[in-house]
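Heads up, the next two complexes both have subunit A, just with different partners, subunit B and then subunit C.
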Partner chain A sequence: MSKIYDVAVIGAGAVGSSVTYYNTLRGADVILIDKGDIAEGTSSKSDGNILVCDKMPGFDAKFAKASQDMFPALSEELDYEIEWRQKGSLYLLETEEEIEIAKGFCEDMKKCGIEMRILNKQEVHEDEPLLAEDIPAGLETISDGSVYPIGLAYGFALKAEKLGAELSLHNPVKGIDKEGDLFIIHTENEDITAKNVVNCAGVWSPVIGEMVGLDIPIQARQGQILVAEQTFQVARRKVHEFGYMLTKFQSGTYKRPVSERVERNGVAFVFEPTAANNFLIGSSRKFAGEDISNDIEVMQALAERAMRFFPVMENIKIIRAYSGLRPYTPDHMPIVSGTPVPGFYIAAGHEGDGIGLSPITGKVIADMIAGDEPFMDLSPLSYDRFIK
Partner chain B sequence: MGNGVIIDGFPSMEEIKKANGWPTEKRFAKGPVAIAECVQEIPCNPCEGACPSHAICVGQPITNTPQVDREKCTGCGLCVAACSGLAIFVIDKTYSETEATVSFPFEYLPLPEPGDKVEALTRGGEYRCEGTIVRVMNPKRNDHTAVVTMAVPKEYIDDVRTMKRLNAPKEETVFEPVIPDGPIDDDVIVCRCEEITAGEIRKAVREYKGESVTEIKRRVRAGMGLCQGRTCGKLVTRIIQEETGKKPNEILPSTDRPPVRAVTFGELAGAKEGGCGDE
Partner chain C sequence: MKKEVVIIGGGPAGLAAAIEAAKCGAQVLLIDENKRPGGQLFKQIHKFFGSKAHNAGIRGIDIGRQLLKETEECGVEVWLDSAVIGLFADKKVAVLRNGTTVTVEAEKILICTGGAENPLRFPGWTLPGVMGAGAAQTMINVNRVLPGKRVLMVGSGNVGVIVAYQLLQAGANVVGIVEGMPKIGAYGVHAAKLRRAGVPFFLGHTIAEAKGTEKVEKAVIAKFENGQIVKGTELETEVDVICIAVGLRPLSELAQMAGVQHDFIPELGGWMPLHDGDMETNVPGIYVAGDTAGVEEANTAMDEGRLAGVSIAHTLGYLKDEETVQKKNEIKDRLNALRQGPFGERRLNAKQRVIEKGEAV
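For the complex of A and B:
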């Protein structure tokens, strides 16, 4: 009989690496399996924003805040440099209507214990001097930060390995059988036996779910990003347009004053300065299967929208564009829960929040497997909510 | 009859006839005539200007394939040296009772001498028969493209288009690879844009388990800068090869992503005159 692992984690992105790390910390014998490298899929095609400002007031925001609060300690305990920087973030408000919506949003967030404040025209321009002159107001979140997302996944995975976890990379899972209380995971290299399985395969988690008869309602929602050259400081911290919330949640009746190509491609301005002194520009959203090519229209719309807020970018060069797949669920909340298959857990479907939510996701999955009470009611994340 | 220029690297008879036509036997009987074997629509027209009889027409657009007016053509061969694609030949089927000549461009030294017996080759470079050199024209205006006229038996004249190089290396001789003189020192900068050293790349292989150029890039930023790995990709591959013992062809290169060259936000958004936005 081969070795029996306590936990087999499938998917070595930020979420799977975190699940591996926190289970290992609890003393479990863990193996992390991936068809490719650590952070090869969505985690290497993302930005590194660790935000609470783009969450819905209520459970969503509280869960995100709990995760965000773990980063300062993580940047100490992981050996790999994750480039955690906490400078807050700034929403740009473009119209009177946005200012009104933002005021209500700000109040609701305060009730969840999340500190935000409205900046008037003078304040917002003092905050970011290169901003387009006509921007009338802003909304500041104090606690937001950023990391190097790939580094975060390496940090989790390599530290877990150091603590005794096993990494089985470049080893696709072909099928899963259940024998009594044990799972036999058939991989390209070997059969792996485990008491618990955590499906952290993100966009590809439905394929893994199917192997144990579970229907997982996760779909790929493509996003494209432009990378600028290393240059002067355009903005000192993470800046995005308030309309980003609207494109993310596809809610409300408010229409942004934008061009057709911006609207058509779900483009909303997101600016993220990196530790290497260049910056990333997002964001776009569309359902395009597993296509991760970049298309010129989306790239044009991203550039157009970026220049609307920071006209100074006109002469800055774009050196690269990339595209990734967000694991989308119909209600925009991840699945972090057990399933009707005892011992089979899902930690996937974080859409664009997987990097930021990876620490808390890893921690609560480790709690569940150890049989501990979760730190808050996690029913909004249950797999059951999708069972008809 | 050949698979065509895309697959074989030289045009098939069908392609030649379709693109440029073919002289009639009646025309061949009158004496030397030029045949353009230019089948790809390349923007090029020196042949048009080279012909003193105005017998070759490319016209507009410049990507047209050349058309030879066989009645105007005198078979002088000036177009043979003028064609930068080495794709024009003069055929003379009236050379003798049993032999015809082909005049072809030839850029290998040493040049043959009239009277030499040489190996006559087909368009694809295969030996077809023995040929006899009749004439070698290499005036200054040809700019080192000699025009060689060679006689071969008539039955081979549609196939033969060149001769074997006189000092061609022996079949078994191969090019010697450049052997690097030992591993690169740890403190040498490999990725210049991001200033990543060979030592950091070795660390990414040894400690962080990087096995491909992309995996190294994600771990230590080599190739993430302005040139996007165009400069350091090969060196990173070599270091991975040294560290892992893999062959270069087993090491995946980094992923190519747009833009091919850096463009500004202004150009991309189409806000600037001459930008790529409208193209």
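For the complex of A and C:
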């Protein structure tokens, strides 16, 4: 009989790599399987924001904060350079109405232990001198930071390998059978036997779920990013428009004063400086199947929105654009839970938060498999919530 | 904005294609990033040779003028100073024009953006004064500026030899032509002119180093055997310009962006788009012609452009089947004739491989 693994993790993005790492840390015998390479899917098409500012007050914010708090230690314990930088983040408030919503939001977040403060007009312009003159206010989140997402996934996976985990890359999963308490995972190269399976396949997790008869309500939500040339400092840290929250959650009645193409493509301004002195501009949201080609209209809308907040960008060149797929769930919360199939777990559906939530996701899945009580009530992330 | 046909690149291939398609009634937009169309024709002040059907005895610059006149006469819309920055899904062409990006939706796209000169890396290759032969040719023939007084030419293909002769005509002293291979690459008729002018050819030699502080002051050449410089054979000479003419490669980034299948065809410049016998690629409605479709010369570029123009006009319904077959056959006969002889045959065989592979995908 072939080897029996304690845990087989399917999907080597940031989430799957983290699940592999934390299970390995607990002494489990783990194998990480992917159809491609480490971080080949969504994790290499994302930005590297580690944010709490874009979470809903309550469970969402607390869960994200718990994950964010793990990064300083991770940047020490992983052997790979993950470029963890914690400079805080800045929301730009564009209208009086946004300022009102932001004030309430700020109060609610403070109650969850998230340190935020409103910046008045003078303060926000002192904070970012190249900002468009008319921006009336900002909202600062102290603890936000960023990482190099590909480095993070590699960091988790390679450290896990060093500690004894096996990596089985470029090896697509073809089917899964259950024999007694064991899972037989049929892959292109071999059959792999494991006591537990964690589905971390992100956008592709419904395909894996179907192999054990589970219907996973995750859809691909496409996003595009523009990459600027190396340049002077446009902004010193992560800056985004408060309207980002509105495009992410599609809630409330407030409408931003934006052009039709910005609205149509779910474009909200997100700025992320990189360690290499250039910057990334996001964000867009669109359901387009698995299409990851760039769309010129979205690119134009991204640039239009960026120049509205930082007019100085008019003279900065865009050198690249890329597009990726976020794993979207209908309630914007990931699925991090067991399932009606004993021993089969799901850690997927983090939409745009997979990089930031990867540490805590890996840790709680390892807790669940070891049979430990979770550090907080995780029912908002249960698979059951989608069973009618 | 919608257009039936968008042609990217207004060199010989693009102009000839535009004329052919527009004469049949198609609505054609020709886009070029330069301030005037014509591509490289306007720096080709030498007479073409070959048969009469192939513009023998006519200078490239005059062919360019004639094509421009015809383009105007048949109602082709021309956008100059306009750079195509990308091709997107559903044949959307993004054009940077007057400081803003315009999107044109095309039914058919012809990519004929030409070729780019291959660089050559050696110590000192970034010093001012080291330049592509094409750049030197533009300076003397278009801008009327002499790039330097003492020039070393690296590469003895047609480009290297023709530009060396034109540099002589423009008043420069060409101190020599360096060629890594054991024989001259260019047509004998071009090479003979330089020989008569007393310009030495250093066969089996290569450039070893460019020396200078602020700019090129000296060139070091050396014997070149089995891909290696032979130590101890270095020769040094004073120059202020080193021209690099070591071949061209197809400029096909737009075709790659559009998902066109590529392959490595060394005889035609390397990595290049595959196409069928009508110049259409595996992406329906996207065509290539000229140096983009494999580096050759202006006459083949023009005929490939015409072939693409006829195919496009036909698929858009502007040409009857019979007329189309007749026109295509005439052009294909001319192309075959152009690809004869010791130089042409390699290209003919390579082109046939491109088309076979292109029709298989």
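Here is the rule we use: the second predicted complex is superposed on the first by the 388 of 388 C-alpha atoms of A that agree within 3 Å, B and C clash if a C-alpha of one lies under 4 Å from a C-alpha of the other, contacts with A are read in each partner's own complex, and residues count from 1 in each chain.
Please note the rule applied: a residue touches a chain if its C-beta (ideal position, glycine included) is under 8 Å from a C-beta of that chain, and two chains touch if they have at least 3 such contacts.
Since we're looking at a predicted model, the values are computed, not measured.
K.L.:
In the superposition on subunit A, see if there is space for subunit B and subunit C together, and answer fit or clash.
P.N.:
After superposition on subunit A, subunit B vs subunit C: clash.
K.L.:
Which holds for A:Glu166: it touches subunit B only (first), subunit C only (second), both, or neither?
P.N.:
A:Glu166: touches no partner chain.
K.L.:
In the superposed arrangement, does subunit B or subunit C reach more residues of subunit A?
P.N.:
Answer, by number of touched residues of subunit A: B.
K.L.:
Just checking: does A:Asp367 make contact with subunit B only, subunit C only, both, or neither of them? Give me first, second, both or neither.
P.N.:
neither
K.L.:
Between subunit B (first) and subunit C (second), which does A:Glu83 come into contact with in this model arrangement: first, second, both, or neither?
P.N.:
neither
K.L.:
Looking at A:Glu297 after the superposition, I want to know if it touches subunit B, subunit C, both of them or none. Which is it: first, second, both, neither?
P.N.:
In the superposition, A:Glu297 contacts subunit C only.
K.L.:
So the two structures are superposed on chain A. Out of 9-17, 135-143 or 261-269, which stretch of subunit C collides with subunit B?
P.N.:
Once both complexes are placed on chain A, subunit C clashes with subunit B in 9-17.
K.L.:
Where on subunit A do subunit B and subunit C both make contact?
P.N.:
Touching subunit B in the first complex and subunit C in the second, residues 294, 296, 300 of subunit A appear in both lists.
K.L.:
Which of the residues in subunit B end up touching subunit A in this complex?
P.N.:
That would be residues 194, 208-212, 215, 218-219, 221, 224-226, 228, 257-259, 262-266, 268-272, 277 of subunit B.
K.L.:
Considering the complex alone, what residue numbers of subunit A touch subunit C?
P.N.:
291, 293-297, 300
K.L.:
Touching residues of subunit C toward subunit A in the complex: what are they?
P.N.:
That would be residues 86, 88-89, 92, 94, 101, 103 of subunit C.
K.L.:
State the interface residues of subunit A toward subunit B in the complex, per the touch definition above.
P.N.:
Answer in residue numbers: 37-39, 44, 80, 150, 154, 158, 167, 169-170, 226, 228-230, 276, 294, 296, 299-300, 303-304, 306-307, 313-322.
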